[in-house]
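This is the structure I have questions about; it appears just below.
All chains are identified by letter, namely A, B, C and D, in their written order; residue positions are counted from 1 within each chain.
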């Protein structure tokens, strides 16, 4: 019995150039499309009658990009979901995920070059549009935002049982590669402005917080976003704890001044939360 | 408002050696632990009173592995969830994910070396144990099983609109990197035997199927598992379509015999389904 | 001044099917081509007159694969270098690197399916052909061969200075992801047979060795290959030391029996050597 | 016979905090150390008498970082090579490679936070110090500098044979992930200033160039660096051609305006050159 199913196209890469009189604008998107609906017969009987080929989904990304200029990944996603819902009767829910890599203009002699760009990172902008026949929602996010604070970060007062060897600390490095996704309360707003404001609020609240734990800082960051950006309904934060372990220099006859750390990739704490109004 | 939260430790790597008289046995696991429960105060107030440090979770993996020998990742996961539930009153649900990398014995002069191993892959075995105060479930899986069939794979009869350029084909390469996860109906069975049987059934049904599409083959594979392995309640399959595009040799004055293909990583079709009894 | 230069095409992926009466054979290659020669004018003056486009190099891979059947990556590489040298007067040296991913036939009910395959790994087979107007050499290799021994591995007697904290050990896990490349003494031999013999010799000598260090075992493996496989002129081995650190269980009130290890990816020892006749 | 050998430690990760009165400074380095010398007996006889454990190399990185503050990766590398040469008689040549990940201060309300940082990328700074008993050289570099120009990039006039299908173009996107390494003429200079100047010159010359090919632009970039930065003796550039293929929209009844591209990762052109004075 087919309990659930979905199909679509992932990693559709689109670089769109807008040729203006005095400069080019560049948009670099990676798009994924996911269909859910009444496609049981393709699974059970191999009947492809109502199936839109995933290759056609890919073509649609390019054709719609060429036909119209979207200002934001979110608006392009909205165009795509409308196109697919209008033309595919079995389609019940369509999800479009977009990742935008940022490019800045190369600066030469104090001015921006109109046609040359440098890739920015490591963080990228994400957007997600989900639409059914009844309802459309728009979300956005930031992925792999690498942040670190070297002050006002403690971790004390946790359970100490016979398997606990971690010392308490009131002065540690807190570092994470933040992935945040949030839901907007509306499908028409200035998505670029909102995105920039959320990202900046995440950075500022992370920097400003007196942290008792990753959990504690995560919650403060989520609350700060909800307090500052009215258009956000809720926000989901995932913060791997990229542990920076102090090296014990006394082994080498040196003093520990809490200045030398080894950054580790694994194992890592993984903390997540959804904060809503 | 804290709508949802979870925390835990990921990428805890454990290599366990069992020193037998005549040989060593080797188990190579990567473990992730995830707690959900009444931990709001750690997020909202920075109060870590009831918080088990993720570092302690890591220690627990090593201590429990040392104290008792599990025959399977699933049984080790069961030990871990019991340990955590017994000792953490705020804990409501704990999830343990385990990845086992396979090692085979190196063969020399026709016999297996008792102490030397070669890593197998690329596919790995997975297991997931989820437990609350009321209920424990055990699942298993295989990740990144790379399979390809060069016969009996077609894709025809799909929608042809003005954005469709994909030709129909009755003879294509079908390739995927399968990730399958399934739920067992019980928490005590021979997990190794069941796992091997599911994996073999997936391979055989993939090979034997007359494929009208990825969807069609995926469903047949799921049904084959349910038919053959009674202990499986349901199975979830994810099959990225690793497209192998025939190279058009006529451009070079050569004949197309459907023998030369370019393997591509992106974009790719992404097909998934859950098949249940 | 242009001191040195090279250009070419990398990551040309070729899957070649041979349609036999009773079965299909499958070859999965990734090819890289590198030209060195009198191409200064393309760099200095932007004059592309003598430049073969890297896109044409890619086409050549597909066309030559279609026109003739090579039994081995090495023979296909030899065809490619001849083709390029014959037709490009400025070309002084051409290098072709080939990576072959292994596929095994899926077995069903004790017999091999003639048209369905499972990817093997993680190790892959490599080949390198380098040709100038005067000389052609053929080499081969194995990449990412994951091997581990849990007995007869020591590391003692090394320098102990005030920065040395590593304890001596006579019983440790020795694990590596071996990359070996070797040069053949001839350009015509049974490359498949030789490759299998070298790989098997590396495995057996690794298993059999009484190891005083990674260096020690590496040398023994190289010598074993030279002793057993006459066609090999020299062999280069690279062995990252994938450290498996014993977990100190006494912290948890448990006994250390040298059975519980944490596998680490970084930092790692990196040992290499070339062993010749 | 041991023809060549080397051993060392790779991926030693060091995060160094400098606690100033009003702010913290952060340095994030990944260090690799490589020894070559008279270590034959460790390979051939398993005699570790003169061997410095790679674990001790790692410790040395931490101890030397703690003892002295280097302003640049290059100066830290110089300290390390001196330390190792002074204390290891068999050591003939030591190479230290350093990768520095950049961190910028988080800005809040127009001012820089003294203790909170955001990771920059994707490009990283590299440095390499090589020292023997006779001679020490210092080099630097930039890795993974993602750059793209959408104007003044052509590729015409190349060989057209029967395997050439690439059309000529006078208006294409030129994109690469540049890796540049250069040698300094001295071991004492303001390494930070020089590095910034080389990087900026690479960006500006890439943006300004009228490109007839990747080769052509690469050479111009190298010449620009040598012309502007006296301290650089020679520079090596590696530029994978990250192809952006125009999508043929006429298939969908749309006009090609050279604005819609698909970015591809493979295959890719790989161009490299060393430009010297």
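In this section, a contact is a pair of C-beta atoms (placed from the backbone, for glycine too) under 8 Å apart; a residue touches a chain by one contact, two chains touch by 3 or more.
Remember, it's a predicted structure, so these values are computed and weren't measured experimentally.
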| item | value |
| --- | --- |
| Neighbouring chains common to chain A and chain B, by label | C, D |
| Reaching chain D from chain B through chains that touch each other, fewest steps | 1 |
| Repeat of the A-B interface, chosen from B-D, B-C or C-D (over half of contact pairs identical by residue number) | C-D |
| Chain pair, A-D or A-C, that carries the greater number of C-beta contacts | A-D |
| Relative to chain D, chain with the most remote C-alpha centre | B |
| Chain centre separation (chain A, chain D; CA means) in Å | 28 |
| Separation of chain C from chain D, taking each centre as the mean of its C-alpha atoms, in whole Å | 25 |
| Distance between the centres, which are taken as Cα means, of chain C and chain A, whole angstrom | 37 |
| Shared interface positions of chain A, touching two or more other chains | 13, 59, 63, 163, 165, 251-252, 265-266 |
| Interface residues, chain D side, partner chain C - complex | 1-13, 32, 34, 39, 42-56, 58-60, 63, 87-88, 155-159, 161, 163-166, 211-216, 218-219, 234, 240-241, 265-277 |
| Of all residues in chain B, those that touch chain C in their complex | 13-19, 24, 26, 28, 59, 62-63, 65-67, 103, 106-109, 113-119, 121-122, 145-152, 173, 203-204, 206-208, 244, 247, 249, 251-252, 254, 257-264 |
| List of chain B residues in touch with chain D within their complex | 162-163, 165, 251-253, 265-266 |
